[in-house]
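To keep things simple, chains are lettered A, B, C and D as they appear, and every chain counts its residues starting from 1.
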Amino acid sequence: MSRSNVARLLVSCRDREGIIATLSEALRDVGANIITSDQFSSDPYGGSFSLRMEFYVPDDAEERLTKLEARLNEIASVLHLDHHLIDARRRKRVALFVSRYDHCLLDLLWRWRSGQLDMDVVAVVSNHPDLQEEVARFGVPYHHIPITPETKAEAEQAELDLLSGEVELIVMARYMQVLSEDFLSRIGCPVINIHHSFLPAFAGAGPYQRAHSRGVKLIGATAHYATQDLDEGPIIEQDVIRVTHRESAAELERIGADVERLVLARAVGWHLQDRILLQGHRTIVF
Amino acid sequence: MSRSNVARLLVSCRDREGIIATLSEALRDVGANIITSDQFSSDPYGGSFSLRMEFYVPDDAEERLTKLEARLNEIASVLHLDHHLIDARRRKRVALFVSRYDHCLLDLLWRWRSGQLDMDVVAVVSNHPDLQEEVARFGVPYHHIPITPETKAEAEQAELDLLSGEVELIVMARYMQVLSEDFLSRIGCPVINIHHSFLPAFAGAGPYQRAHSRGVKLIGATAHYATQDLDEGPIIEQDVIRVTHRESAAELERIGADVERLVLARAVGWHLQDRILLQGHRTIVF
Amino acid sequence: MSRSNVARLLVSCRDREGIIATLSEALRDVGANIITSDQFSSDPYGGSFSLRMEFYVPDDAEERLTKLEARLNEIASVLHLDHHLIDARRRKRVALFVSRYDHCLLDLLWRWRSGQLDMDVVAVVSNHPDLQEEVARFGVPYHHIPITPETKAEAEQAELDLLSGEVELIVMARYMQVLSEDFLSRIGCPVINIHHSFLPAFAGAGPYQRAHSRGVKLIGATAHYATQDLDEGPIIEQDVIRVTHRESAAELERIGADVERLVLARAVGWHLQDRILLQGHRTIVF
Amino acid sequence: MSRSNVARLLVSCRDREGIIATLSEALRDVGANIITSDQFSSDPYGGSFSLRMEFYVPDDAEERLTKLEARLNEIASVLHLDHHLIDARRRKRVALFVSRYDHCLLDLLWRWRSGQLDMDVVAVVSNHPDLQEEVARFGVPYHHIPITPETKAEAEQAELDLLSGEVELIVMARYMQVLSEDFLSRIGCPVINIHHSFLPAFAGAGPYQRAHSRGVKLIGATAHYATQDLDEGPIIEQDVIRVTHRESAAELERIGADVERLVLARAVGWHLQDRILLQGHRTIVF
């Protein structure tokens, strides 16, 4: 089955009777065959309803999807639902932000090159020059935009000039700068961050050192959408690895790096497949 | 939301366009509101299609479900689909089989008593008398049916006399006897077994001893439907726990017991909620 | 190998050369054969050193251990080390505290009865009468000591009168009361608590509700020694289980209960085998 | 603490009294300070005994280690023990074998470059030319030695000519050829292989396809020493990842790749630190 014939429908609304019937009729009427259908309701009477359908369009995809979009607009105005119809033929354009730690960045680039992550990496942005050569090997432009407390506004403006309207996702692959509220509101696309702890434990700086002092027996990582509240955005994925008293804080960091890159890669992959919806502050991962 | 208003629809058929639309229309037309809908297709054109819908009926449940059943029968004859409409108000009647190890049995009984497993335990059957008193405390009849190689046919006949038509599920909670092909075909209900290894590794007897000799680093357990091919039935759930060279075979057995009871409890819980469908030899767990 | 011949030596001191040599000579000289030897040093020059040796004494255990104790006292005064020589023939006397949730308590009692936990359970103490009958079946005295904010001091005095000098370990098996600083200092034995979250995340009350609101993807439990700083005592063991957006807060609680009882059982088992030493606020688990 | 002052002692023998005392005396007498000491005995009277000590030598390391070696030889002849004294200042020389899948190879090279794996990679050997350019970037010689059934003996001879006496470890990083018994006996160094299943399940070819058909719920990988019995060598490390009915065999392979590289990296890291000893067919991992 070729990717060129697959599309996706995301829907959010208040739950009520008949939504699935109405939407699946609309899909049937344009000849679509549902591959996967997932829905979740926080409460079947009056809760928040989220739905994701992935479907196959046999031929004339362009025309059928146009017809479907029109039909969905009619339904949406009646049922008061938010919907997104996504043509899976188009790859999302993504920028990767990084500082000096290379493990998350290289892991994403390697997965991208090997076809695991269905995206176009249009830029790597870094506040350090260190990884320029490494990134060049992947044929991706590297933008070195240094940041100091004094030049932060200016640097973020440079990032906005570069990326605004050009990317549909930013991934902070161990980018050790806090994106300002202003940047997040103006960039106009989701931002995924990897935090090197099992949030909400050890939010903020130095999580491995603090985890070591506290003597935890599991080391974790958390991928989440970045919001203006640092480390408080909706959690996408988390995982942990077992440690003991033997590991120093430096070793926890090394071990944690393996969790970080796995967790971030999963989160990015799910986002690219439009599998993540939001219900308030919680993610629904279909 | 009261359990008394929930019903479930399970469907298996060859995949084709419009199944979800047709079924969700049928549900809407009787006023049902879908709580959960899961479907899986091994291939969107011509593969095996499995669907589970859980839905809420606001009132007059009896009447609405009767109407729905009639409608489903019509649909089924046109679309050639197997369907089961299940009224979740009825608890499944279950028999638990056990030999001497008590951990899986007590765990199931304890979960049942605390309301985690929505079933009626109608009998405990054992080839040993050891656990009689323990079971009595849960108010469940204990049937001691000894088995020797010579009396096996006779013993199984006694079990059939006791249970045939009376139970909808048998759980082998470390029952150390192989149920004969004849028994399995005549009992007429599914049988869930817990095997004390990560199948297909260490199928057969003495898995912990063999795992120790082989020096594995993880100990597992597998819940599966019992079929005439010993330890070859469809796998429902598996899990593992990390071990080291330090543990003796006896300690592996003790550690493995914790995995066994968790894995079996999950499998039984899913079965009771009608979350397990079969596609050939593989389970679909929604 | 009979338990009656096994003893253990625990040592804590500043690290320096020759400690292991000196101690293993002392053991050899009384004819002991080391079964397991674990040591950990936070820094080989001048850090904190912790050691646990388990050894076998062929015969005349009493006499040999007396001789060893004398020798150890000499060594201790020269090398400035803290040491504990423990005769594994003696079972530790333990009291279990519980409120209304039975899963941790019953799990400990079941493991104790089946020989997995090498202890004497001398009392169950509860601020509720609910589990009296259940505990009676295990032949353990049940002490119902109600607590209100007004009667707390009095209730704790009753507990001290009952247990002080009688027990060597208290296990809070979901005992929903905070033990006062006064109680902890006067009871004179370690107290193990199970917290129903992955500490330091969700310290305090209502962790499952808060975990649900925060949308975490893993639910955890933490066994720790109780100290005057609530939920801040040294962590002994932690584990997690994967959850999704589907689970309600009530379901997280049910799932979490399985992690709680496993984590608490491991922590208690390790304590009973004298496998846990403290280095400041961190546990060393050998 | 500088690596230049660390050494390791590995000992294997029949268990008896006083081994630890004798060896730790020998270390103390040359001024060594033990950093870590691990021992394991399959049975304290007459079982197999394995010990690993890591220790720090303050200065004049060369001289002290020479003295220690002489002393150990004396002890060994009396106590009939096998011992290896390893100067941790010397990096092990390693060859990596690979076919076409790059994930394990790149992961090892990346960890090596970032200082996580303390080795000298002296060669990459492959039966395919595909990864030549990629490996060149790490500054490691790439030897393309094609193999057909007809040229196998010849190709292995070329590998022996290249590596015999030059390397102390070979890592098969998804090298899809079976090394002959003759090669294994002549190469004279350990060989670590990664098998893409949870052995002994799915030994042999096509494990992901077979795991998919069997409907397993966990996908695993196993790092083991290669022996003449294919997939039967001593297991070093295993891990698994949870999968569902949704994943195709191709997706299981992709998911499994993440487990493979983690498991192989751990096994190689432990070997380089001399943490793996053999007791018959089982590994002791300290």
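The rule is short, and it goes like this: a residue touches a chain if its C-beta (ideal position, glycine included) is under 8 Å from a C-beta of that chain, and two chains touch if they have at least 3 such contacts.
For clarity, every value in this text was computed on a predicted model and none was experimentally measured.
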item: Labels of chains that are neighbours to subunit A and to subunit D; value: B, C
item: Copies subunit C and subunit B - interface residue numbers shared by over half, same or different; value: same
item: Averaged-CA centre spacing for the pair subunit D and subunit C, given as whole angstrom; value: 36
item: Geometric centre distance via CA averages, subunit D-subunit B, whole Å; value: 42
item: Interface hub residues of subunit A, defined as touching at least two other chains; value: 40
item: Touching residues on subunit C, where the partner in the complex is subunit D; value: 1, 15-18, 20-21, 24-25, 27-28, 31-41, 43-45, 56, 242
item: Subunit B - residues contacting subunit D, complex; value: 40, 198-202, 213-218, 220, 234-240, 244-246, 279, 281-285
item: Subunit D contact footprint on subunit A (complex, rising order); value: 102-103, 106, 110, 114, 116, 137, 254, 258, 262
